[in-house]
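Here it is, the structure, as structure tokens.
For clarity, chains are labelled A, B, C, D, E and F in written order, and residue numbers in each chain start from 1.
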Amino acid sequence: MRELLERAGGFMGSVDNYQEADIALVGAPMDFTVSFRPGTRMGPRQIRTVSVGLEEYSVYLNRSLDAVRFFDCGDVSLPFGNVQESLDRIFRVARQVVQDGKFPLFLGGEHLVTYPIVKAVKERYADLVVVHFDAHADLRLSYEDQSLSHATVMRKVCDLVEPLNVYQLGIRSGIKEEFDYANENTNMYIDQVKEPLSRIIEEVAGRPVYITLDIDVVDPAYAPGTGTPEPGGCTAREIIEAIHLLGGSTVVGFDLVEVSPVYDPSERTALLAAKLVREAMLSFC
Amino acid sequence: MRELLERAGGFMGSVDNYQEADIALVGAPMDFTVSFRPGTRMGPRQIRTVSVGLEEYSVYLNRSLDAVRFFDCGDVSLPFGNVQESLDRIFRVARQVVQDGKFPLFLGGEHLVTYPIVKAVKERYADLVVVHFDAHADLRLSYEDQSLSHATVMRKVCDLVEPLNVYQLGIRSGIKEEFDYANENTNMYIDQVKEPLSRIIEEVAGRPVYITLDIDVVDPAYAPGTGTPEPGGCTAREIIEAIHLLGGSTVVGFDLVEVSPVYDPSERTALLAAKLVREAMLSFC
Amino acid sequence: MRELLERAGGFMGSVDNYQEADIALVGAPMDFTVSFRPGTRMGPRQIRTVSVGLEEYSVYLNRSLDAVRFFDCGDVSLPFGNVQESLDRIFRVARQVVQDGKFPLFLGGEHLVTYPIVKAVKERYADLVVVHFDAHADLRLSYEDQSLSHATVMRKVCDLVEPLNVYQLGIRSGIKEEFDYANENTNMYIDQVKEPLSRIIEEVAGRPVYITLDIDVVDPAYAPGTGTPEPGGCTAREIIEAIHLLGGSTVVGFDLVEVSPVYDPSERTALLAAKLVREAMLSFC
Amino acid sequence: MRELLERAGGFMGSVDNYQEADIALVGAPMDFTVSFRPGTRMGPRQIRTVSVGLEEYSVYLNRSLDAVRFFDCGDVSLPFGNVQESLDRIFRVARQVVQDGKFPLFLGGEHLVTYPIVKAVKERYADLVVVHFDAHADLRLSYEDQSLSHATVMRKVCDLVEPLNVYQLGIRSGIKEEFDYANENTNMYIDQVKEPLSRIIEEVAGRPVYITLDIDVVDPAYAPGTGTPEPGGCTAREIIEAIHLLGGSTVVGFDLVEVSPVYDPSERTALLAAKLVREAMLSFC
Amino acid sequence: MRELLERAGGFMGSVDNYQEADIALVGAPMDFTVSFRPGTRMGPRQIRTVSVGLEEYSVYLNRSLDAVRFFDCGDVSLPFGNVQESLDRIFRVARQVVQDGKFPLFLGGEHLVTYPIVKAVKERYADLVVVHFDAHADLRLSYEDQSLSHATVMRKVCDLVEPLNVYQLGIRSGIKEEFDYANENTNMYIDQVKEPLSRIIEEVAGRPVYITLDIDVVDPAYAPGTGTPEPGGCTAREIIEAIHLLGGSTVVGFDLVEVSPVYDPSERTALLAAKLVREAMLSFC
Amino acid sequence: MRELLERAGGFMGSVDNYQEADIALVGAPMDFTVSFRPGTRMGPRQIRTVSVGLEEYSVYLNRSLDAVRFFDCGDVSLPFGNVQESLDRIFRVARQVVQDGKFPLFLGGEHLVTYPIVKAVKERYADLVVVHFDAHADLRLSYEDQSLSHATVMRKVCDLVEPLNVYQLGIRSGIKEEFDYANENTNMYIDQVKEPLSRIIEEVAGRPVYITLDIDVVDPAYAPGTGTPEPGGCTAREIIEAIHLLGGSTVVGFDLVEVSPVYDPSERTALLAAKLVREAMLSFC
């Protein structure tokens, strides 16, 4: 009977257990601090579900998911509404993954989940570089009086790694203070996604790179299913090519955040996310 | 030019300022502790918006909103993700409303917002009775380790008022512990909404009554736009009649919670909520 | 090749030409005077489209559409935004249908289209009775200064037929003036749909009856796809039974109005409308 | 790390392996022969997904899913478009489940999947009774020249079991030939769902009963997410009570079919299905 | 209590009263003459609502909305279905705004609303230039026998200003007569949006420019929420840049029309509109 | 009365009968072998319906549909679930059209319908060239054990025409075996749509060309309403220009497949399809 049945739920092509995997895929379905439209908690689930609509083989890279060994660990169990405890749990999972020598690949959830993951990766890679794709600068000191927020996450990351090691691409929204901070501290590329990459890759050659990709870096035409869509972004093709370009660096961790399925009945946002996860695994591992 | 323009945004029929009002309508757009589908933060806004699709006159009661003086105060400004501070702010607003001698009418947001409102109302009415319409018992001690949750709110309310003064109607979901607690402490009517009301009204005659109405007490056919829909509920007509029946009691406060617009493209959940708000104002004030 | 192809577009079971038909089905896709949500112009089209999801046979009546000969004439071509000219054209089509001795069966569009149809039917039946199913009284003298409006249509009808010959069922919304007028002039049944029918049928025995059915008489749970949904209405089963009951009268014309597809992704409003059209044809002809 | 993670995808409360289970829950995501709107292949997946929005405990029955031991086997893997091979595979899985002494509980998919399941159950229970909840008679000999179709499934079932042992409830659509056949062969209750059950239960006392529940027996207001919605059905509460009533019989198998998620953005159809699955497991096992 | 509350409804960053404003933002929610899909009457409301999802600061222009003083006047109150009276009211409001020396910024509603606004602006600026972004030429003499129509608006504008002063960009749909007229009278750029702008800006240097922007100039991928989407348009980024380029001209009025929310559950059409309004205010004032 | 009515349902601008037509437009609403999301059976109907939102005149080509004589034949009647019989019927209709000397223009349905159409066209044009726009290679030998599948269609076409005469553009998804086959047999252009066309047109000059266009060649941003959307495709403008370029070849047949309306509430996928049909008719005939 076994051969007639298929278990549903995981990302296509996962190996059967954690031990044999080189990549650990983990969902972090937290959406407690978002300011506009919540719902990214449904993101990891839908990204997995629609992944079966894609192939495991990438014609861009002439490589298939069976060439990388990844395990879909499921989602971090989170206490609804408790931000601090949620971040702690994500951190503990990320640290374990890193300590086990596996490549951490997280799916949000809101962008704040990047903070504990970078913290865990940083423990292992002292000279970590962070490449940040996003429509929003996310560099506030606080948002509505909260220092832990989806709008402050990159400022928090700048507490973990040297701001000079933070590269921000595609940014087209924020308040003046964020851009002033970026000008003096990080490397920010307004509205540019693919163009600056070759130069950046040269700069960070040989150093460990963590990539955090907020799906809203892409224009809402291509990724309408997100919490704070910001018109004027790049195309799906551009972000796919950006991932391919970064295949030339030493990438040590990756997250893709802010997919919010309910605003996209076509499911194309989750399909783009699933495709980016596939290309990321095939490019970085 | 003035006479040619209309300002948009508020609930139909609001008077122009707080001072002259007998009822204060307040939105509490918090949705941080929900477990299934977030989005009730958009509830108050949509209830106001669709209210213009209704009339100010109720043929059921032969009375119009101009007969009651209510002011739409707008929404409580909330720090996203900070549960405690959010509840504090709601409490401060509710207390002020009560102290000003006005009838508090709150729109959620998630059900947890009822806790600080009841707390404020209880300060004034020592012998407060709470009538609770809901599909869920909401009587847990904690949910996912959190004692402040949409699933614990009525247990928290039972810390404020005598559990024996809590009447729960329409309940059809929960865990065993909640029903055990209810059996011993509160007055719970499984799956019944209108039937027990005449008896309850008799029991509480002369005492101050607070009503909290979770829109999911109604069947999802009538109110699909909610976070945790539970099939098997009452009809729209039944809940309207229940409000009319309670017009015979001394109602001193009212909230309507858990409207989540994004799951209802027909907007009928918000329309039902707006109609219930109108009938509540005309019945209780 | 012919036998392998099917032409799409018309209501299921139409005969091939107007001449041989006993019933003329006509769409009147006008939605210019509505106050809340436009879109009923798409109604006739969707009612036809989904009709293929039903059977031509009615088990309730043990009769099939091939027993009545109806022709789907298509839609009246309307000049967008020109209310008077649109009503004129609808009148001319309706008059021709009546003069040709056929049963007029119109699909709205907004409720105002009933006015010219009744005018045409009245020319033939001097003692016409009008039975009106609706959530709204539609008895205003004017609405936003317009005397021709979906909110005034029944008042206009009362200029055509004796108000005492107008029976209004299911009404649950309006302004005080409308109910005052109804009390003195028409026969109005607040919130009742099926209950008063046997009495009405007795009263109008032997007289010609025109039926106008605004789909919002049904609760938005059953008919969410409409312009001004009003919670608290009857069920689909009740309105089907009401049509069956009226089969005992001498019905000489029928319209079904206010289906607005875009608010109902499930298409069940149009399906209910198509089923009511089938039951009406099988009951009245 | 384990304790911080949860695997997603299965129906809530499943035990960890097939061997220890008393009930085998199997998805049959086939939708190849439907005539109106396809999409039920997504049904099993969504029913599982939304099941987490419910509780494992039923207050109606005062019993929880941990009292029954069921295993979610996943979906039968089906060759797209190949009807015969698909039915064969479903049959092989169902037969294995029955031979292993487990209670078969299948989720459709389209209604035709019931045929191979009943065939498998009949092998074990020679005097099998079939109770059929549906809006449609499904008694055609063929549909569009196909004898294997969602519209012929109950006629095919009548080849397996004595037609006199087939009880059909809630039926309100079909062609004349179907009702003629039913009158002479099966036990059909037009438009009635709960009313005839006590009598039926008496009639079949002591005999093995298989239940097939097409979700469209319920009115589209309560279950819009289905392929051929038929207005005029029962309420969610009625169908829940029907399941409870049948708890008094010896039920030996159950399927729930025709949930089509894409037509129901509110997810309430799948929620009702999940609740019925829970109540069925708690009532029958 | 004041400091805890926020009034909802207006465009983000509005000043508190009309008198102190340099820009008057006015909604004109008319959609009576459209031929395909109505619904733009909901446009102004949704543009305001989603504006809170953006920032008041524009990183493109390094300028924030607090640098311009604008007042959100609300919507012109319109008699449903009465085209002429509606246009009169819009004209009266626009004329008052112009006479008060404020920059008129109108939100449609359908495109016909541009006619009375241009009429009012032309009263002050005799040598007015009109820059028109649109997928459609809108140059018909009449449409379905109506001379006042969303399809004739630019022809009507050509009655107000010299056709040679009308510049039409992005046009890709119309009938032959419109393009013949354009060839002989106006300046039309087929399918081009940004390219011709520098030349145009040079041509009109020093003269007052009115800009009318039909959101369907953008491809439906970026702006699906509109009445007559026409595939093949420009990107969101291009139209944003076009606004920035026009900042080099003397712009004296602006409208953005044809946003129809119901066709865009992602809300990105309204978000693009809100962003264009922000960039327009920051570029032109 | 005639002049006041319009029959609905067909593609805009159709002539009145088959005999006088040069082009036969036929729907093939089959969706039985698709693997991910069914629903393309609704495609032909919606493409026709929304075509009225476009003009008959193309400004790109300065030509109107009245210059070509096409007849909308309706849809091929298909037995649900019977793949072989369905393909046979489509073949018989296509062959008749070709034998009658008319240009075959088919609307899918799923991509497998292309196989019988090419078979019919090949009977007449021995040296047929096939130009294939698609995101997917569709070159599998079998899919889920089925050799007749939407994923094998181009491999089946390679049985009909020389693989070397097959040109595949825009391809960005498939399994390794498909690309290996393509490398050795067909002409495949990964991810390129417009670029290779001039060279191809030169190569095939003077030879009969059949074009099959799977709408998913376009990015899901522009065409979300399809069964297996694949992020990273071309824009609407690019595919329109590709059709224009092919106007320079001797095109003898055309199909457009895989439009699935339910996933696109904005209807822009069907609008793009209708526009491509118009441009194809005006370019090729």
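Here, a contact is a pair of C-beta atoms (placed from the backbone, for glycine too) under 8 Å apart; a residue touches a chain by one contact, two chains touch by 3 or more.
What you are looking at is a predicted structure, and each value in this text was computed from that prediction instead of being measured.
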Checklist line | subunit E and subunit A - chains in contact with each | finding: B, F
Margin query: Using only Cα atoms to place each chain's centre, name the chain farthest from subunit C.
Written below: A
Note to self: Among the chains here, which has the CA centroid at the largest distance from subunit D's centroid?
What the structure shows: E
Next item on the list: Would you kindly tell me how far, in whole Å, the mean C-alpha position of subunit D lies from that of subunit A?
Entry: 40
Item checked: Inter-chain centre distance, subunit D versus subunit E - centres from mean C-alpha coordinates, in Å -> 54
Check: When the centre of a chain is set as the mean of its C-alpha atoms, what distance in Å lies between subunit E and subunit F?
Finding: 37
Checklist line | Residue list for subunit F, restricted to those that touch at least two other chains | finding: 37, 77, 219, 221-222, 263, 265
Margin query: Once the touch criterion is applied, which pairs of chains come out as touching?
Written below: A-B, A-D, A-E, A-F, B-C, B-D, B-E, C-D, C-E, C-F, D-F, E-F
Checklist line | Residues of subunit A that touch subunit D when the two form their complex | finding: 1, 4-10, 26-27, 44-45, 48-49, 73-77, 89, 92-93, 96-97, 265
Item checked: Parts of subunit F lying in touch with subunit A, wherever the complex brings them together -> 36-37, 171-176, 179, 190-191, 219-222, 224-225, 228-233, 263-265
Item checked: subunit D - residues contacting subunit B, complex -> 52-57, 59-60, 62, 64, 219, 221-222, 235-237, 240, 265-268, 271-272, 275
Note to self: So in the complex, the part of subunit F that touches subunit D is made up of which residues?
What the structure shows: 31-35, 37-39, 41-42, 77-83, 85, 143-146, 148-149, 262-263
